[in-house]
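Read from first to last, the chains carry the letters A, B, C and D; within each, the first residue is number 1.
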Amino acid sequence: MKKLFMKKNLEYLVSLFLSIAAALLIGGLIMMANGRSPIVGYSALITGAFGSKYNLATTFAKTVPLILTGLATAVSFRSGIFNIGGEGQLYLGAFAAAYVGFTFTNLPPALGILLAIIAGAIVGGLYALVPALLKVYYQIDEVITTIMLNSVAVLFTDYLVNYPFAASQGKMGGTDMVAEGYRLTRLVRLSTLNTSIFIMGFIALIIYYMMQKTSAGYNFKMVGENATFAKYGGINVKKQMIVAMLISGGLCGIAGVFEVLGSHYRFLQNISPGFAFDGMLVALIVKNNPIGVILMSIFFGALKTGSVAMENTTSIPSELVLVIQSIIILFIAGETGFKRMFKEYKMKKNLQQKAGEKQNARTSI
Amino acid sequence: MLGQVFNLTLIQNTIRTATPLILAALGGLLTMHAGMLNIGMEGMILLGAFFGVVGSYFFASSFMGVMLAVVVGMIIGLIFGFFVIELKSDEFIIGIAINIFAGGLTIFLLRSIFGVKGAFSSPDIIPLPRLNFPFLRGIPMLDIMFNNHSIFVYISWILVIIAYLFLYKTPYGMWIRAAGEYPEALETNGVSPRKMKYISSIACGVLCGFAGAHLSLGYLTLFTENMSANRGFIALAAIIFGASNPIKTFGAALLFGFFDALGIRLQVVGIPSQFTQMIPYLVTVIALFIVTKRHIAKRKKTQAEEGALQQP
Amino acid sequence: GCSQTNEPVGTDEANGEEAMKVALVVAGGLGDRSFYDSSNEGVERAKVELGVEARVFECRNDPSLYNDQLVQASQYASVVAVVGFEFYDVVQEIAEAFPEVNYIYVDNEIEGIPNLTTISYQENEGSFLVGAMAAILTQETSIEGIQEGKVIGMVGGMDIPVIRNFKAGYEAGAAYIDPEVKVETIFAGDFEDPAKGKESALALYSRGVDIIFQVAGKTGEGVFEAAAESQRFAIGVDSDQRYINPDVIVASMIKGVGLSIFESIERIQNGSFEAGKVYYYGIEENGVNLSFGGEDMPQFVTEEMKVQIEEIKGKIISGEIEVPGGK
Amino acid sequence: MVENIIELKGITKQFPGVLANDNINLSIRKGEVHAIVGENGAGKSTLMKILYGLEAPTAGEIFFEGKATKITNPSIAIDHGIGMVHQHFMLLPSLTVAENIVLGREFRKNKIFVDFTKAIRVTEELVEAYGLKVNPRLKVQEVSVGIQQRIEILKVLHKGADILILDEPTAVLTPQETEELFSVIRRLVKELNKTVIIITHKLQEVLALSHRVSVMRQGKLVGTIDTKDATEQILAEMMVGREVLFDALEKKEVNRQKVLEVKELKVRGQRGLMALRGVSFDVKAGEILGIAGVEGNGQSELLEALTGLREIEAGEVLINEKSTRGKNPKEIRKLGMAHVPEDRLMTGLSKKATITENMMMGIQDKEPYAIKGIHINEKPIRQLSDRLIEEFDVRTPSQDVLVESLSGGNMQKIVIAREFSFNTPLLIISQPTRGVDIGAIEFIHQQIIDKRNEGSAILLVSAELDELFRLSDRILTIYEGEITGEFKTGRITKKEIGLYMTGKQKMNQEGGA
């Protein structure tokens, strides 16, 4: 049994690796067609992502919001409720953290940080509650409501940072800075990597544990796979969906909190370049598996850091990097399909061969 | 004050804003009926906009611009179809990949073909023709509402009707819906659901090509990076709102266009722009809520009535 | 191997043999045909005229890249030009981490960091001129396309401090000419959506606005289209945009971003640079100005009006006119 | 010489990990009714799908009227006059009956549009010609399964099929409907010289209807014999490889406390109409109460109401004297109820989950399977799963296999294993052997009787009268949401009970048992 499991994972890794390799090959061809050397390009990409302590730290810094939003997606999608509103929840969570950070400036640091995280999680979670209730009690498609509510949240925080909570210093769409004690310690010189990665790791551990090892996780999965069965079996489907959405929104809120406490020290207008969407992509690629989210986030973090470095040092334009990225995503998404096609082809060939041999044997008699 | 906001140009504005949404949404609802949620529309529109400009500029013909946009749309539709139908990949991921791809490719080609970054405009980009119906001239209201729009505005209206007839009155439409609802059942009837899915995803590419070409050749006469500006996603919202019915989706797109236009005007009255910009999104959520609530109430009522009738 | 210090930069300078390296870090991306592009022009000019080596680092409006790109730039160059109000926090941090690199920071004011020099444009002064000019034009009904009413407009990209600063000057300029001139402003909510820009402009034109000042990046491209379609007028921003459509774009308010960056690089090269202070580039410093395009373009702004504008400039420089917003 | 209209030669189908068809040679004669029988998963459906062009054979050839023919998709099969009625309905719920019938071979108006009027007219003509009554204007989602089966057959006939493949068409039919279907089949064969291939698990049907019968086992064709030479025993032995005996089941007398009590229960159905109009009965410990009725007369709603899946309009349900009012399924289960639902795929299982994940539904938060109700304790769960798999003879390579890859019979065993393992005083069971092969039927029946003998109260709903008669102590008939009769088993014949099931006779409830 265990062996079977190992074999499957190994097979998956191999085919995933092959897909990425194929995508990189195409990317290389594009570079060559463009008169650039893929070897130079890719080595710049790899050094950029992993080449030094600083680069490595930058790569890991990128994974923090990805993992949190990725897990958020995994929790909700697995429960059969599609939270595409992570971006809005992240914005509101981030703002809540900033608000705590510049309003209650005299708390002991640990308490202040905790308060900010809790505020962010609650605000993000409550914002996710709206589409959850609409879905559960009115069967209103949560995909559309969450997308709409994203825009509302972004615009609302825009308003807040430009009017009631505008920064008192510097021309920027942002709030004031959070109290110094609440700023999370940076871990590597110059890099934005900070202690939020440990908190994130802890949260990820809890989520992993919840999803894989608890009856709550089992309930989520059953609701997502077949809600009728779940209800029949004694699971409160509505409650599960609402809870999943609350957790999902809370995680996105926390992702926002860390952007504030760890990276910018204040809420910025446009604070997220689409973290929640990247996280969603990651979760979808690994089919909502929490461990997969973590590994794939590291891959995407490296891809991002590496491609920026590649663009800076090799004159391969950033848009070409985007094209290559999209091809990588396509190939990873097509991995299962390619594998299946290949297997079917192989099996057919095998059997036809066997049949042919039989035929020959028969005729020769 | 209200007079400042509600006037005939608001309707014009609504129609213009809604047109690219309508075109893309008609494409998206075809794939939706065939059982595929296409969030790659955003990228398809962007590519359509870009290749519309390329075609128009190099062939000095807006028609060629549209043709080029359509061909590219078909290719992307085919790629989407291949991954989703053949490889059974997650349509979300493929959609996102298409969006990233379109974003990168258009910027890259903008630089390699036109040697510029950011935006390209030129008098050599031939815009799509505008239509005028002289007989409407005399009636000021109809004149403002229906005259002097770019050709795709009218085409989009016709396409709404065609899409409706196609989906609900022709065999192909029935087959596409069947392919989405229960592909195995369709297959046992001797029609290939795969083919239907391909047809719908290619048609979606074509319609998004139209939407893009309209944006860059009809609505505007230029190309800028990311000029699709989330219209693909809003079109998707219109589809869901309109329950994939062409007529209702058309209504949803108009509604969205209307509130967008209204938002612009409300700023002039002194409401902060962040709030006026929220209007279309908030209205969508609230409208969905009201519509569903009414629907539920109505169902309950008819149930009660039927029940009463049934009692011996 | 980026993280291992930046000694090479120091040695470059010491030798004086190798070319000076300049990095341009922009918050958005090149290709906006205004703000960032004009800063890049300054760097390009320095390449040609001062023989520096240069590289551009774009953040594409991704806040998670601000720090990274600034670090990369600091490791590459000895002079880093930083463009975008968004860098307010990061540039202070990074400047302290790289004491031997000179930072020229555009669009904000920061004092007290020895290797960080900020250049602050008094865009309100420039837009004061624009407002005055527009207010004059809207009364020139002899020009075809100018209507009876005295209404001028502005389309802003987003409702953010910089754009509001533009707005404040614009409104004050108009009021200075004639308090009866009405100014209507719409924020499109996006710097990258020309269709929205066009729609906003059309809405303004339909309300009797004669001339629109666009401060909206790529969204502004749509304003120009709307002007052409409605046969009204528009005013460009940041760099001289008249060339885009000289028939409707009557003038542009230019921000001398390129110039100021070029001058700063030049001063650093010849040692006359005063690091660590704030340079205000207003009208007096020729940091903001109006431009009216090439000779061959039709001129809507008459010599007479230009004289009037020059007078206003003088009054701003002398302090006789106090422009709201700004410092 | 009899003419072979179809010959399958060396047909082999390999699925990943399963050899579904292994070198099968089979010929079908023109004008015969050819039955195919075999255990669940023997490969019957797969073979027919290959013949119909839905699956590509890995090896082998099909000869149609003596000519080698490649049937690569159903369209080709249809063109050759082959039509297939599938094990699972292939109807589009949102389309009308007429639209479903013409789908794929529509009549056109102006070359472009579907001619809906003609579709309705043609459907009416078909109804007329074959005596299979349907209303062409209704949406398929509004009609009962029996009607859906008729639509499937009309669909095939509309496409002009000369060879009809029917994959378990009687599984969901009432005896009356089955009889109707058979008379249509006989007419098709006799009067119109059509050929019919029928898959069924019911051996009496094979004997009653077919000319020849082929038996499959584990992907191989065991043999083809003339029906006149066959008996149920012979067929069962060929299928299972051993004798299958339906001995009388031993019923013990046990204590007779009321466990389930239903009082004046009123429930609305799917479309808001009253599905149950005041039903009262009780089930005692150690008793099996059977509910007999034609499908769609309120049985489904009754079970859903009892198990908390459907809202109760009026009346009361008591389990061990405690009311279920306002309780959700979980709370009702706590009162001592377990439930084998009629639709195992939609309600009883999660296809995308493993066997073990399906087995642990209901115990996921109970000691010792969940420590403190939170932490899943894998070891006892896996042990339980293995034990149930063994006890209930689920044929699977491992407990980590996804349920979707099991055959229907094995899926059913999982549901029964799980629900029976709760050892509840009350068991509510619906269609326990639908689509299940005879070996498994025998086994499941024994399990139900064992539960009864251990003292559980059992409410059994089944469309199979044989099953009801065999298992029940008492039978209620239900018609249009009302109970029309109550009988002690053995006091009534199948024919008689049919009158009560169709509302032609009715007794007042007190007059019953």
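The definition used in the following text is that a contact is a pair of C-beta atoms (placed from the backbone, for glycine too) under 8 Å apart; a residue touches a chain by one contact, two chains touch by 3 or more.
These are the chains along with the protein names UniProt gives them: A, B = Nucleoside ABC transporter membrane protein; D = Nucleoside ABC transporter ATP-binding protein.
Note that this is a predicted model, so its numbers are computed, not measured.
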| item | value |
| --- | --- |
| Third chains touching both subunit D and subunit C | A, B |
| Top-ranked pair of chains - ranking by C-beta pairs in contact | A-B |
| Subunit B-subunit D separation of Cα centroids, rounded to whole Å | 45 |
| Mean-CA-position distance for subunit C and subunit A (Å) | 37 |
| Length of the line joining the C-alpha centres of subunit A and subunit B, rounded to whole Å | 28 |
| Shared interface positions of subunit A, touching two or more other chains | 155, 158, 162, 318 |
| Multi-chain contact residues (two or more partners), subunit D | none |
| Contacts with 2+ other chains: residues of subunit B | 107, 272, 274, 277 |
| Chain pairs in mutual contact under the definition given at the outset | A-B, A-C, A-D, B-C, B-D |
| Subunit C to subunit B touching residues, read off their complex | 29-33, 37, 158-159, 184-187, 189-190, 192-196, 198-200, 202-204, 206-207, 218, 221-222, 225, 244 |
| Of all residues in subunit B, those that touch subunit D in their complex | 165, 169-171, 174-175, 177-178, 181-182, 184-192, 299, 302-303, 306-307, 310-312 |
| Subunit A - residues contacting subunit B, complex | 134, 138-141, 143-145, 147-149, 151-152, 155-156, 158-159, 162-163, 277, 280-281, 284-285, 317-323, 325-327, 329-330, 332-334, 336-338, 340-341 |
| Subunit A to subunit C touching residues, read off their complex | 47, 51-55, 58, 61-62, 65, 155, 158, 162, 166, 170-174, 177, 189-192, 259, 263-266, 268-273, 305, 308-309, 312, 318 |
| Interface residues, subunit D side, partner subunit A - complex | 10, 12, 14, 16, 58-60, 307, 309, 328-330, 333, 339, 341, 346-353, 357, 360-362, 364-365, 370, 373-376, 398, 400 |
